[in-house]
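To start, the structure under review is shown below, and the notes come after it.
To keep things simple, chains are lettered A, B, C and D as they appear, and every chain counts its residues starting from 1.
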Amino acid sequence: MSVKKAGVLGATGSVGQRFILLLSKHPEFEIHALGASSRSAGKKYKDAASWKQTETLPETEQDIVVQECKPEGNFLECDVVFSGLDADVAGDIEKSFVEAGLAVVSNAKNYRREKDVPLVVPIVNPEHIDVVENKVKQAVSKGGKKPGFIICISNCSTAGLVAPLKPLVEKFGPIDALTTTTLQAISGAGFSPGVSGMDILDNIVPYISGEEDKLEWETKKILGGVNAEGTEFVPIPESEMKVSAQCNRVPVIDGHTECISLRFANRPAPSVEDVKQCLREYECAASKLGCHSAPKQTIHVLDQPDRPQPRLDRDRDSGYGVSVGRIREDSLLDFKMVVLSHNTIIGAAGAGILIAEILKAKNII
Amino acid sequence: MSVKKAGVLGATGSVGQRFILLLSKHPEFEIHALGASSRSAGKKYKDAASWKQTETLPETEQDIVVQECKPEGNFLECDVVFSGLDADVAGDIEKSFVEAGLAVVSNAKNYRREKDVPLVVPIVNPEHIDVVENKVKQAVSKGGKKPGFIICISNCSTAGLVAPLKPLVEKFGPIDALTTTTLQAISGAGFSPGVSGMDILDNIVPYISGEEDKLEWETKKILGGVNAEGTEFVPIPESEMKVSAQCNRVPVIDGHTECISLRFANRPAPSVEDVKQCLREYECAASKLGCHSAPKQTIHVLDQPDRPQPRLDRDRDSGYGVSVGRIREDSLLDFKMVVLSHNTIIGAAGAGILIAEILKAKNII
Amino acid sequence: MSVKKAGVLGATGSVGQRFILLLSKHPEFEIHALGASSRSAGKKYKDAASWKQTETLPETEQDIVVQECKPEGNFLECDVVFSGLDADVAGDIEKSFVEAGLAVVSNAKNYRREKDVPLVVPIVNPEHIDVVENKVKQAVSKGGKKPGFIICISNCSTAGLVAPLKPLVEKFGPIDALTTTTLQAISGAGFSPGVSGMDILDNIVPYISGEEDKLEWETKKILGGVNAEGTEFVPIPESEMKVSAQCNRVPVIDGHTECISLRFANRPAPSVEDVKQCLREYECAASKLGCHSAPKQTIHVLDQPDRPQPRLDRDRDSGYGVSVGRIREDSLLDFKMVVLSHNTIIGAAGAGILIAEILKAKNII
Amino acid sequence: MSVKKAGVLGATGSVGQRFILLLSKHPEFEIHALGASSRSAGKKYKDAASWKQTETLPETEQDIVVQECKPEGNFLECDVVFSGLDADVAGDIEKSFVEAGLAVVSNAKNYRREKDVPLVVPIVNPEHIDVVENKVKQAVSKGGKKPGFIICISNCSTAGLVAPLKPLVEKFGPIDALTTTTLQAISGAGFSPGVSGMDILDNIVPYISGEEDKLEWETKKILGGVNAEGTEFVPIPESEMKVSAQCNRVPVIDGHTECISLRFANRPAPSVEDVKQCLREYECAASKLGCHSAPKQTIHVLDQPDRPQPRLDRDRDSGYGVSVGRIREDSLLDFKMVVLSHNTIIGAAGAGILIAEILKAKNII
């Protein structure tokens, strides 16, 4: 099996550390370049980063010398570059990497709304990658150089939300109303400073800046389609799907819980059993492609009344599977249910890795 | 000021301890009888109870000898008896107290659905006590003995929910659709065993047995009316108001947070500013009556984007005030907002005390 | 009762907020000046500070206009100035206030080691204030102006530790060996950023920078004496008392727990009952002086095997009392026990207030 | 590789679930019998147990039919039986299994003090198993049947404590004074009910019934020797080693932290560097035997000042490695350090599995 060279931007941060940890154990990728701020450049990774993961990092990775986040040096030899950069710097840096012909998979929010940039939850809408695939293949077929491109990872709370929606929409038609109240883990906020202990011990914070807006529009892009030319994304219009989100931070390390309710546009609505069966039978495209990290079971439908719970269920399929429980009828919309997803795996760095696996499986990188 | 004699049933339990703590500091009530299981009967309270409150109990109360939960002895001299009994024993015991002519204010769920039993959140629907008042006055006017009666305290998560609804309905007319997703503190589950530490550290539990059902129907009784004869309660019919609840237990000691959204039946709906002003101006009847524990400000409308938070806001007005924040338009219904209430004060024992203050102010006890 | 004018330096920070909250409810002090960084100067307090206390602040205090931390304007009219400044700026600012003739009570560590500066836990060694009193009275008796001075509040974990030691040493003679392992609440670290949620949820941090050293030497100064001239402090020498500390941060909001063991120099050692009685009978000088905030019971000796616990016992005597439990013999030294103190009250701002009450009672301010 | 048949007593409980989870992934053992109370007997395991582990159980194990805890049926075919029974029933049941000729590895405390029963921390004193080995070999050499026996797993907080002591004693001679203050995770208390959420949120409990006594005497047995006949254990006498423990429960799911200090009997004491090197070089006998679960690195010496931390370090070597940090001189004894161990792995079920691996490697089972 060929091994692809990977770079990581923002390597010392919370998301960057996750990319590195996942890559260090990955059979198909090897870390070839690590980028961080000029303060860290030139140092060995172990000296530049305050490693805060629950698994230790192999010595090989610890000794890699960090470079600046510029498209030069080892980065130019990378088959794929993962970006865990903060939004305030991601825009310019990622742009320079794409312009240098590199394939960038980014966790930053900067380019998610761009019409020609795929916003991908790899267990949900990998077909959106086709827009990039087409562009690359066209360029190559014209004898040109393989062009750079960027694929965006979704917001962490969006990933869990859309996972069960996709198979439901495929089988039962459009969802025209959707509410979600989230109970989000603190790891999504990083750790320097992230969420303060004083804010989250014996407390919840009923607000995450910008999060509700992201949840609402990202859902419509991810579940939406592509224009006839296959070049731009066409989100579901507001008039066809109302999404309403309320986001909370709760004292949980990993795992976002969402209490959702939804209504199908078509009547009669399916039964609870129909919904459960649909979710159980869903096999995501990444699994069909045989991707290394793809979940064996994309959606775990749990029948116990008090599940899913973050501590007990977040690691199903190594965090790439999504758990759904308490599927029941709703007196207002059609169904209520509880969705749990691992925010740093399928909701962030892990999603980036699986996107890259798909890119590799499709020979785009 | 006359001081009323108070009894407490279930005195060693979590709710009973709260009743006792509140009564021990109360200028209008003195503890006259404490009832617990036969295992505790005959012991001094300090020897019978494992005191788990954050305030210490005065020695006077510690030395009271506990008796069995039977309408005899000191209980017969009580002006009011507060019940913190578990549902499995509350039914028979409370009935025997009412039959003995006693005024019972109960936190148990057993009689909440009875047509002629008031279900009261004292900052919301004290007028429901009129049904009892009428009954008592009629009996007395006929020369009979003052009859016993029972008034039920609402479920803890209902209390917070209906607090802002009451003034809104009074001013803007009926609410025909309401959703709430709760993030409930663990103190509501008591402490023997209550919620296990293994279930709630780094975790949330997306289920509380029976809670969603209680939230949904209690709301309709509390916001509902009384029949023409003034003898029975008439909940809002399902066809006129849809209520949908999703209940979660979160790692918070005290304070239930609820993310709610609602729709008014009348068009056009009020503005966000109208809603805020209405809530700010609301003064509950208990405050107008000058009750000792009534909140100075019934509803605190908070403008900071990240409030209310349980640790910071639960103690407003000693837990008798309810905080509402993040009032904003909803894309699906009319408004979304976050409601915080202190579950052991306005949601349980504290509500019982304030109900008794109202009974006293109205000369019913 | 005369009311003294108080100023607060570092008013927007964690300690400053505590000073302000305590002063706002205090019958003997009124807030006359609030100082913060130039970024906050000129703003109303409510606009300058992100208020994070569990009690709301009266409007009067909210509307005070913040000034810079310079000995000018309203500060010059203050009878006492409380400093909640961070150590990196406290040194110069506090010095300038003392030089301007002001009485400064500081929570910063900068001047604690100075030979002529009292380091005071007000329920333990208020007699150390005499050194300042003498200096002030001498200056005044010579016809001079009342000189400025500074009194330092101890480190938070020192305060709890020395509270039971003082009466024991007074009664049973010197302690020559002392170990303490602390389990410290996160409020001691402030909130911007303070302890990160990722560091403290489902975790403990076995290290607090500089804390062990402070615990060890502060104990010897506080329990130590004064030179013959009454002008300088003489800590207990290392050769006479070994103190060994291990400090941990734990997921608790307020309340430092310390597992201590100690050995008396004199043989035979007292009995467990002797120790308990000694602690129970201790009445601190501040209580004898009738100071407003002085605890009714300085040390609460708890007999239940599983107490003290931070959540249940930290608020005894409004946080000015210290709880001691599990007093038992130790196989290595003489006794083991568990000490609990409220780190933001007797361990920080609250101690400052009580020190000022003593200053007022002694007519030093 | 031959696969041994394993039974589990107390299979539905907290420790039993851990045994089952570890065995389900183990290449050398297969689960052959599961025993629980008569209430569970006859049911499939998935219906009898409320599975609370963070990993799901394979279907094969879920479908095993639970039997009563009697030495009959499948249990009689087991090569080794792991006991996760509660102490109130473990005594009789385990005795009946031993009498039936079975090899029992028990987590219960009942037989730990027996003179001829090994109390084993498998990374510390596997040589204590020799006493059993001798007994078995003698019986077999005399032509008898292989006799049953029991080996006890140590208390969870003892396991972490003795891990670094063993190599230190081997290299630098006896330790004559030892103190430990523990910060213990709640998983050690099981989950029905275990530690109540109300007791452990925003709190610590400075008491664990019986724990300090266990820590103190178990240490002396584990570090002690065997009599000349090789038949009985001879703990270190009290006069030669003083151990003093203070035990606390803290809000941590897994991982016991201990702040220890110790003194060597021999002078001069080694240096800090000597101690670190000794710990780093230690390779436990189980590792030398090549046991499947034995840690690659028995003791991880961490140099960062704020480590080890339970959430970050408990899973080193899958929980079979022990982490030691903050090794420094002590002003009272010789050295202070912080020890972290995974209480349900090396401190409970995991230790049992590694003991069984040693038994297998030595052909005792």
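The criterion applied here is as follows: a contact is a pair of C-beta atoms (placed from the backbone, for glycine too) under 8 Å apart; a residue touches a chain by one contact, two chains touch by 3 or more.
In this text the structure is predicted, and so the values were computed from the model without any measurement.
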### Query
Going by the average position of its CA atoms, which chain sits the greatest distance from chain C?
A
#### Entry: Between A-D and A-C, the pair joined by more C-beta contacts
A-C
### Message
Suppose you list every residue number at the chain C-chain D interface; are over half of them used by both chains (same) or under half (different)?
### Response
same
### Message
Using mean CA coordinates as chain centres, what's the gap between chain C and chain D in Å?
### Response
43
### Task
Averaged over CA atoms, how far is the centre of chain A from the centre of chain C? Could you give it in whole Å?
49
### Separation of mean Cα positions, chain D and chain A [Å, integer]
40
### Task
Please list all residues of chain D that touch 2 or more other chains.
52, 199, 201-202, 251-253, 311-312
### Query
Any idea which chain D residues touch chain C in the complex?
177, 179, 181, 183, 199, 201-207, 209, 216, 238, 242-244, 246, 248, 250-253, 257, 259, 261, 305-312, 325-326, 330-333, 336, 338
### Query
Quick one: in the complex, what on chain A touches chain C?
52, 186-187, 189, 191-202, 251-253
### Query
In the complex of these two chains, what residues of chain D are touching chain A?
52-56, 201-202, 253, 311-312, 315-316
